[in-house]
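Look at the two complexes coming up: chain A is in both, with chain B in one and chain C in the other.
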Partner chain A sequence: MTAPQTSPAARRRPPPDGMVERRGRAYWLTHLGLIIGVAFIFFPIWLAFVASTVSQPEIVRPPMPLLPGDQFFANYREALFSGINAPVALMLLNSGIMAIGIAVGKIVISLLSAFAIVYFNFPLRRLFFWLIFLTLMLPVEVRIVPTYEVAANFGMLNSYSGLIFPLIASATATFLFRQFFMTVPDELAEAARVDGAKPMRFFWDILLPMSRTNIAALFVILFIYGWNQYLWPLLITTDPSMNTIVMGIKQMFPSGDDTANWPVIMATSILAMIPPVIVVISMQRLFIRGLVDSEK
Partner chain B sequence: MEKRVKFKGILLPLLLVLPQLLVTAVFFFYPAGQAIWQSLFIPDPFGLSMRYVGLGNFEFLLSDPYYRASFVTTAVFSLLVTLVSMGVALYLAVLADRLIKGSGTYRTLLIWPYAVAPAVAGVLWLFMFNTRVGVVTWYLGLLGYDWNHVLNESEAMGLVVIASAWGRISYNFLFFLAGLQAIPRSVIEAAAIDGAHFWTRFRTIVFPLLSPTTFFLLVVNIVYAFFETFGVIHTITSGGPQQATTTLVYKVFADGFVGQDLGSSAAQSVILLVVVGALTIVQFKFIERRVHY
Partner chain C sequence: MATLTLENVKKTFGKTEVIHGVDIDVADGEFIVIVGPSGCGKSTLLRMVAGLESVSEGEVRINGARVNEKEPMERDIAMVFQNYALYPHMSVFDNMAYGLKIAKTPKPEIAERVAQAAKMLQLEPYLQRRPRELSGGQRQRVAMGRAIVRKPAVFLFDEPLSNLDAKLRVQMRLEIKQLQRELGVTALYVTHDQVEAMTLADRMIVMNGGRADQIGAPLEVYANPATDFVAGFIGSPPTNFLEASSLGIADGQQSRIGIRPEHMILTARGAGRLDGHVLYTEALGAETLVHVRSSAGDTLTIRQDGAAPTPPEGTDISVAWDETQQMFFDAEGRRS
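On to the complex of A and B.
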């Protein structure tokens, strides 16, 4: 995006490599601007990391140090294995089960219903389609009180099914798969039918392998969605041993005027972001695809 | 759009939609219906019986200054979160787009905060601005500024806005960068040859061509600020001070679970349902437009 050189002397030069003529002030200012942006994004996390490696007295006498201390292992050991209300290792496990449960559950029920809606003509098909469509954008936050009552009546408080099932009632994934199935060439289904393949065989042997990338991309997005849930676990788990890590952090702050155990709380915060961050960075391509897909 | 080729059978497709239908019915339609039903009643003080009040809950809510205030709070909060996160993201995306090499590296460095939960982001910012141990608070104190979001309403609002916007920058950056990279170079080069400088090119060519992305992000970010920032608010301010950061979603929680005022909370849910419905329609109208673009 650079203004071409117009002076004859410049035209005689070999074609510029990239932004050669901009390798002046503007070029470095661009980098500087971006680095400031990255620093702004990183600073809170850096501070949290530093706080998780120093001792409590170093924090409560401000200003706290800006470089890591030597308490890394002590703090993380304390957080993981004793925690404040429950060991953080246990909360990590709960979060993992919840996030994977939500991602897998949503993908499975959506694949099945999208298959039925696209590949069959059955009575009330339109109605089902619109019923599912209605749920598209209504987050659990809006209907928390009655949904909580339903979960309580089913005896789902403090259970994994209570954490998972109410959150898989949404239609985004169904729509994604429906759209994808629409792009699958008709000839494939035709051929399967001519060969006498049963519908479910077509689903397993052709449709599912073709949807692999879509499934993976959606898994990344849903895993993060599930891991980062806050309000629902806050309501549904009263027993500390069922807390998820994201909602458990807030529970670690003392009520009243006592000083919070910052090193352990910050170690927990770092632990809470590691799994989803690893997923995003290691599967960046799928993640971006999933984001773009789920907004279409 | 319909498939030409269909399989035969009635029982099988019904079985296939059954799981989703069940989950949706039990955890979506029933609770939503329940919310509408409960919004017409007031429970007696002992919770033994319900008294039918018609639209009384709604009338009470709409005349309740606290509820009206939380409407304003939500609007201000959503607008600020959207503007801050989109502004910073657009600025960074424009810079990254200027680079021929290295924009991928910056993308990797900038996208991962998307994975940080709003509630965790809340704890991080709370730590920096904590009135007793916060680093930023301490340095602000050196400069002679006495930061106290526990007492000061606008500071509390500022803190929840910045903590909510912070995690959202990644998402907006990703979409802005993709939008910028989709603009044909030739258009920009043509303008450059005509002597248009960077800012002129941005104002007259780049930004208008980016408008589908901008509009899309506007809607998505407002929805985000409405519903997904509960964690930030709950961890940092719990809606205070003086309800200065009590958004509509926070109030449903506070009245329904903390205050145990079920009729009012249900009525609030119904009002939110209407708001969400309106936002959905806006979003779909827009998606139709985007297809034509």
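On to the complex of A and C.
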């Protein structure tokens, strides 16, 4: 009998020696460079974290504290449950719903439209493809006024549907799925047809599972895109209970002469970073696989 | 268990006609091989039978019933593709079971049929693997298993062995033949390899530019080719062609003569019908191919026994043959 299947770990060979000599001084220099780079990026985040664990007077009095204080629980409790305009827990929930709604919506819509464009021969197919493609040139910021008008007329102000639907159409994702579907051999669709699969069955049973790494990669990208939306939520939500976290942070800055509650604002910032990080880390393996290799 | 009939089947893509009308009656359990050079329309013909390509004109009948308008699935056929077309994310078992699942076959029956097919194809140890974890030959077997479990009326193969190495190809060829006999199912098999065609076929269709030049049993086609194309295509090395006029036997009807390499023998200069010299020789062990350039400039291949003495290159010789072995072709290439 032939050799049994090798485990994925065994199949993954160690990388070949790089172009750079990896021993001696160069080795340490490389790491030193990397450490400095990481420290450089991490330092502001560290400062934000420190600021979120001390009390208000400690922040405003120079020098700035560099080590965490003892107000961690107090500050985070205040941020999460009362906040400044709205409790951060609620804003996190709003952001989560919006980001997931946008990511899932974009993926569903673009999967379906790519499927239609690649596998069906309908009149004006090319025209539709180019219409979708053209919208790449029209990001939210460009069409924000008419989009607002439409959303307002539909009564979607201060609602999740208002936050999500106008952002769902995605030329990029459609284009990506189209490219992927075109690499799927025609024979596969024909084999499914001979097996008696109707088009939607083929989509569900074969195309969708084959796209799962692409879907995961896109989900990560789109989730972060949705999470970081600022201008649109700012425009469409006036009720503090519908605020999303990214715009909420800005709303926390006092107007006029009030003093800013920096510890709570910083706690909010740190909290706002956590969900994207969780999404990236938990989907990291699928994400990287989706970006680098395609299923054979 | 089915008969298959093609009646004046034609295919046009846009304005170009690529199949110019093919007729054949396939008996129940018969193994038909469609053979021809690349681009002659073999796959197109097969795909019309499968229902993957619409029939432009004529009629395809399975068991006497017209199927032109039916979906592949309703035609009771199964197809094996050249690149296997296995579903990459499904296990071998699921690949084979997919068609049955769609047909809503009860689970125990699916399991039983797949097990049976897997046993027949020696795939039992691999049922839980993904296609990419299999060798080419094993993938090929899975593709056949997927066809078998459906118990179709007609089996369709489109160059199923062309991605395998030479040795495996010979082995799988035998297995396919055996399987088809065992199942007693009607089969239509496309290949461009004339050896495959000769060994597998009960009858073969030799296609040439969208036409069926000849339909017949392999040996019959070999011994009695209907056109010069068939004579040149079937048999390796190919038939030698000579202008009838150069031999002085032209009578208007017969423009070319074909003689198989094994029907020619080398003789001493002047003793044969045609003088020439040896270009080069290929000793293949059991047989030797002697390539000769005649004085008129034609290149001929002569096949002789491996044990027979081989003249060195450049030797002046003569070529002889029995008159009864001459095949005459008219100006259009048809037998006359």
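The rule we apply is simple: the second predicted complex is superposed on the first by the 255 of 296 C-alpha atoms of A that agree within 3 Å, B and C clash if a C-alpha of one lies under 4 Å from a C-alpha of the other, contacts with A are read in each partner's own complex, and residues count from 1 in each chain.
Rule of thumb we're sticking to: a contact is a pair of C-beta atoms (placed from the backbone, for glycine too) under 8 Å apart; a residue touches a chain by one contact, two chains touch by 3 or more.
Bear in mind that the values here come from a model prediction, so they are computed numbers and not experimental data.
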First (chain B), second (chain C), both or neither touched by A:V194: second
Which superposed partner A:M210 touches (first chain B, second chain C, both, neither): second
Touching partner for A:N94 - first (chain B), second (chain C), both, neither: neither
Which of chain B and chain C A:T172 touches, first, second, both or neither: neither
Which superposed partner A:S52 touches (first chain B, second chain C, both, neither): neither
Most chain A residues touched (candidates chain B, chain C): B
Partner chain(s) touched by A:T237 [first = chain B, second = chain C, both, neither]: neither
Contacts of A:M273 with chain B and chain C, given as first, second, both or neither: first
Chain B versus chain C as contact partner of A:N261, first or second or both or neither: neither
Shared chain A surface residues [contacts with chain B and with chain C]: 1-2, 190, 193, 295-296
Touch list for chain A against partner chain B, complex: 1-4, 18-19, 30-31, 33-34, 37-38, 40-42, 44-45, 47-48, 51, 59-60, 62-64, 66, 108-110, 112-113, 115-123, 125, 128, 131-132, 135-139, 141-151, 165-166, 168-169, 171, 174, 182, 186, 189-190, 193, 199-200, 202, 224, 227-228, 230-231, 234-235, 246-247, 249-250, 259, 262, 265-266, 269, 272-273, 276-277, 279-281, 284, 287-288, 291-292, 295-296
Touching residues on chain C, where the partner in the complex is chain A: 50, 52, 71-73, 77-79, 81-83, 85-89, 98-99, 102-103, 125, 129, 132-133, 135, 146, 150
Sites on chain B touched by chain A in the complex: 1, 3-7, 9-10, 12-14, 16-17, 19-21, 23-24, 26-32, 34-35, 38, 88, 91-92, 95-102, 106, 108-121, 123-125, 127-128, 132-135, 137-139, 166, 169-171, 174, 178, 185, 188-189, 192-193, 198, 201, 216, 220, 223, 227-228, 230-231, 234-235, 249, 252-253, 256-257, 262, 265-266, 269, 272-273, 276, 279-280, 283, 287
Contact footprint of chain C on chain A as seen in their complex: 1-2, 5, 185, 187-188, 190-197, 201, 205-206, 209-210, 295-296
